[in-house]
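Presented below is the structure to which this report refers.
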Amino acid sequence: MSENNFNIELQQLSVGYEQPGGNPLEILKAINFSATPGEMVALIGSNGIGKSTLLRTLAGFQPWFSGNIQISGRNLKNISSKEVARIMSFVSTENVRVPNLSVFDLVAYGRFPYTNWIGMLSEQDKSVVDEAIKNVGLRGFENRPVMQISDGERQRAMIARALAQDTPVIILDEPTAYLDVSNKYEIFHLLQVLANEKKKTIILSTHDLNIALREVDKLWIATDSGNYQGAPEDAVLQGWLNQLFKNDHVGFDANEGEFFFKKEFKAKVKVEGEGLPLTWTLRALNRKGYQIVMQAEHDYRVVANENSWELNSKSNQKTFGSVYQLLTFLEKHC
Amino acid sequence: MQRLVFIFILLSALTGCSGRQNQNTDRIKSNKYAHGFRVTKNENITKLSVFNPWEKAENISVDYYLHPKGSLLPDSLSDKKIIKTPVKRVICLSTTHIAFLNELDEINSIVGISGSQYVSNPKLRKRIESGEVPDVGYGQNLNYEQIVSQQPDLVMVYGVGSEVTSYTQKLEEMGIPVILIAEYLEENPLGKAEWIKFIGALFEKEKKANTFFSQVEKEYLALKQLAAGETNQPKVLVGAPYNVTWWVPGGNSYMANLIADAGGDYLGKDNQSNESFAISFENALVWGSQADVWINMGNLSSKKEIRDTDERFENFNVFNEGRLFNNIKKLHPHGGNEFWESGTVNPHLVLRDLIHIFHPKLIQEELIYYSEIK
Amino acid sequence: MKESVPHKKLPVPLIFSLLGILFVLLFVADILLGSIIIPVKEVFHSLFSTSETNETYRTIILSFRLPKALTAIMTGAALSLSGLQMQTVFRNPLAGPYVLGISAGASLGVALFVLGFSSVLAAGVFTTGAWPLALVAWAGSFLVMLLVLFVSMKVNDIMTILILGILFTSAVSAIVSILQYFSNESMLKAFIVWTMGSLGNVTKAQLSVLAPAILAGILLAFLKIKDLNAFLLGENYARSLGVSIKSSRIIIFLSTSLLAGTITAFCGPIGFIGIAVPHICRVIFKTANHLILVPAVILTGSIVMLFSDIVSQLPGMQTTLPINSVTALIGIPVIIWMIVKNKKFVSVS
């Protein structure tokens, strides 16, 4: 269980679904991705591109059509499912609803590959389960029935199950989908600790790009026009992220490290001020579609102070007590 | 051994056995008319043999050995099916058996019956109503406890198919002697009645049985001779639809033979089988337009009832211009019909009824089993 | 799966003890009660003493009631266990032992036999004795099982297998209907009486075949307890935990076929027990763990069947009821009560 030299290599892989009467429907083609122990990898791509398909194929649920999946040099096809269960654990998007099942029992499923033929848990098994429950922040929930907890709690329980399986590789399909912001960060942090300290290989798919960009070691990016892998910063600098969006309304702001909606600019505004008032006033004006200019000709000049905003136009000057009031005025008069 | 070879059955099912020979030539001829049994005597041991005692049986024979009560059982019989005679307590699983017992004066030996509501014999009905004779159930649902507690010397069963052996084996396992009676498979009316010899042996009343049968035979043959003299044979339609299917007797069946012996021309006589077969309504219509006489239309007792069943019967020529007779004269309100009880053992009386229907001038006596339908 | 600290539920050993007591009581009652009223003293004499005792009573007790009670126990256990397995594998609370078409296959075999087509199956030497009926029924269900196993090796999706099983059942029932249509009244009645089920026709010799088959089926089920638990999460998760789905399914289907097919062969199709008893156990034990549920349904199934048998004998009366009607009449109100009272515990997933 602690052999941690599991390299994952996807070579010229193409995945998809079998179709009746011959040719398979290939969803992703010619994928060349890899992951090494201790790496946390985020698989990103637009909806429907095939992220789930790829992860499920990697986990051994679906056959693939050409290319190779190698785990430490061994072809995945040649590894029995019992052995795979000790190498990789998987968290899917499926909602598991089993009556009379407690959270403890659900997490305890993770010990399945290690228990005897009846499935009795040893003392060590039980402590692994307890640890996993604690790590996802569900301590105290052990006896609650799985059907009676929230979707987010259930998702964390499923993640705990994967943790309890104690595998060198953990694959997660949108593990933060149902979680609130604080829990999203908790999970990302937890996975990162597992990667860094326990040298596990973590591969997850997510739409929470902002968090991913900051936290993961590597990105696997799947787009219509090609597949890329590299550090998040590589993705930004090489402009790969822009390829994620097909429409022209969204772009990635390399400076801010965020995605934004491209808009038609309504007016040019110059902003003065410092610290937080400046930063957030800029964001507000940006959000509403005003182009921020520094030197060029401007239609308005805004001075952002601690608790008041001055708006100076060619014809007059006004003062407002909140960003909201400033914006409302600009909307009316622009 | 049997337990291991279900694969054999599997293979048989898959390959499908073919080659059902003409059953008539396969039958073992014994006695004068009946082919389903034989009584043989060998050094004071009487053996009763039953052949092919259920429909579509082939090459099946079962032997029973009679062993008089009180005497020592010979070694040669130690592993055979034994019936201790004379039988004093008997359970009948068919009401037809009652008729045989009636002629042998053995109604009081009956200690259990299946289908008690269909019994016509008044003496037996009284014993049933008093609780002396319980109803022991049917088929897979036989009331074994009831049967055992009646302490019968014998249970008389009849089998529709070979599944009957599943409960005969259970009875035998419980130490109760069982015998298969297959008179209903005889297509010759005299052959049916001849089974009285078989049953008579069980009660040590062979002489009585033989005397009775000789008399029946004599009268039957005389009547047959009488009818044979008539050249004008009326065309006969038999049956009525059961739900949508119209079942008619086969050309070589009990009913068909009776009709032929009575000087009637059964419209279905070309069919070779001795079992019933189904015909379409159109076919029945054609026959209905040809027939002079229509008999055995189930439980219908008036022309109005017939019309109510299906108004298309009005298109039957025989309905409008022919004569209609149904064997319900001795049909009791509780469902039992003596036609199938005493009628079985007294085929000469049924024959006489039919001759009365086909050639009224020949017979003076009243109809016993048949009523005219108006 | 560790059994969590129980809250709002009785401890498992206590429930098992209570059920065990109930089992013994009903077993004794089934032997004491029947069509004929036999004094209790006589019953014990027949069972335990070799001295002279009323032969009639002894025959009834030893050759009829005792084998029947044992048959009832095995029937209840086998049908309930196969129902549990089917509900788990198909993740469907309405699944039962016959969902793969096993009972339909048996009916087809019996129909061919009873309704006068036995020449199709003829092998002269086997057409006598109590075995042919059981053998053709078993052969029929065995054939269907082979078909299902073949399909489940080629097909991945469990829902497809379920639908195919239902289609097999319908197809076979249609063929049986045709056979019935062309048979005469007495054959029809014989067949219909078979379909009503009966526990009392099993001979001691047949018991000696019935018992090992049922035990084999139970053993296979025990071997698969861990996999059955994993199936509750769905086949993808089960696979990710290391369960070999295809081989697991095959063993479970084999177990079901042995259990349900054998019972149907000897006793006719007995309905409702297989669906109801697993739900009853889930509610009583409030667990999803098959380590508890497997022995639970075996015990509870036996209890329900013994009770049904006692009722169908209508103690002291001449007539008896067909066992199928009794299991339905008892089972349906119970399951309705369970659903109404415990909505959330009845579904499987």
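So that you can tell them apart, the chains are marked A, B and C in the order they are listed, and the count of residues begins at 1 in each.
The working rule: a residue touches a chain if its C-beta (ideal position, glycine included) is under 8 Å from a C-beta of that chain, and two chains touch if they have at least 3 such contacts.
Fair warning: this is a prediction, and the values are worked out from it, not measured in the lab.
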#### Entry: Contact distance in steps, from subunit A to subunit B
2
### Summary
The pair out of A-C and B-C sharing more C-beta contacts is B-C
### subunit A and subunit B, separation of their C-alpha mean positions in angstrom
84
### Message
Averaging over Cα atoms per chain, report the distance between subunit A and subunit C in Å.
### Response
50
### Query
If you average the CA atoms of subunit B and of subunit C, how far apart do the two points sit, in angstrom?
38
### Task
State the interface residues of subunit C toward subunit A in the complex, per the touch definition above.
1-2, 4-5, 7, 223, 225-226, 229-230, 232-234, 236-237, 239-244, 282, 286-289, 291, 344-349
### Touching residues (chain side subunit A, partner subunit C) in the complex
56, 59-61, 80-86, 88-90, 92, 94, 96-102, 104-105, 108-110, 112-113, 115, 117-119, 121, 126, 129, 142-143, 147, 165
### Summary
Seen from subunit C, its contact residues with subunit B in the complex are 34-36, 56, 59-60, 63-65, 109-110, 112-116, 118-124, 126-136, 138-139, 142-143, 181-182, 184-187, 189-190, 193-194, 196, 198, 200-205, 209, 268, 313, 318-320, 322
### Of all residues in subunit B, those that touch subunit C in their complex
2-3, 5-6, 8-10, 12-13, 16-17, 20, 55-60, 62, 134-135, 137-146, 148-149, 151, 160-163, 165-167, 169-170, 173-175, 242, 245, 247, 275-276, 278
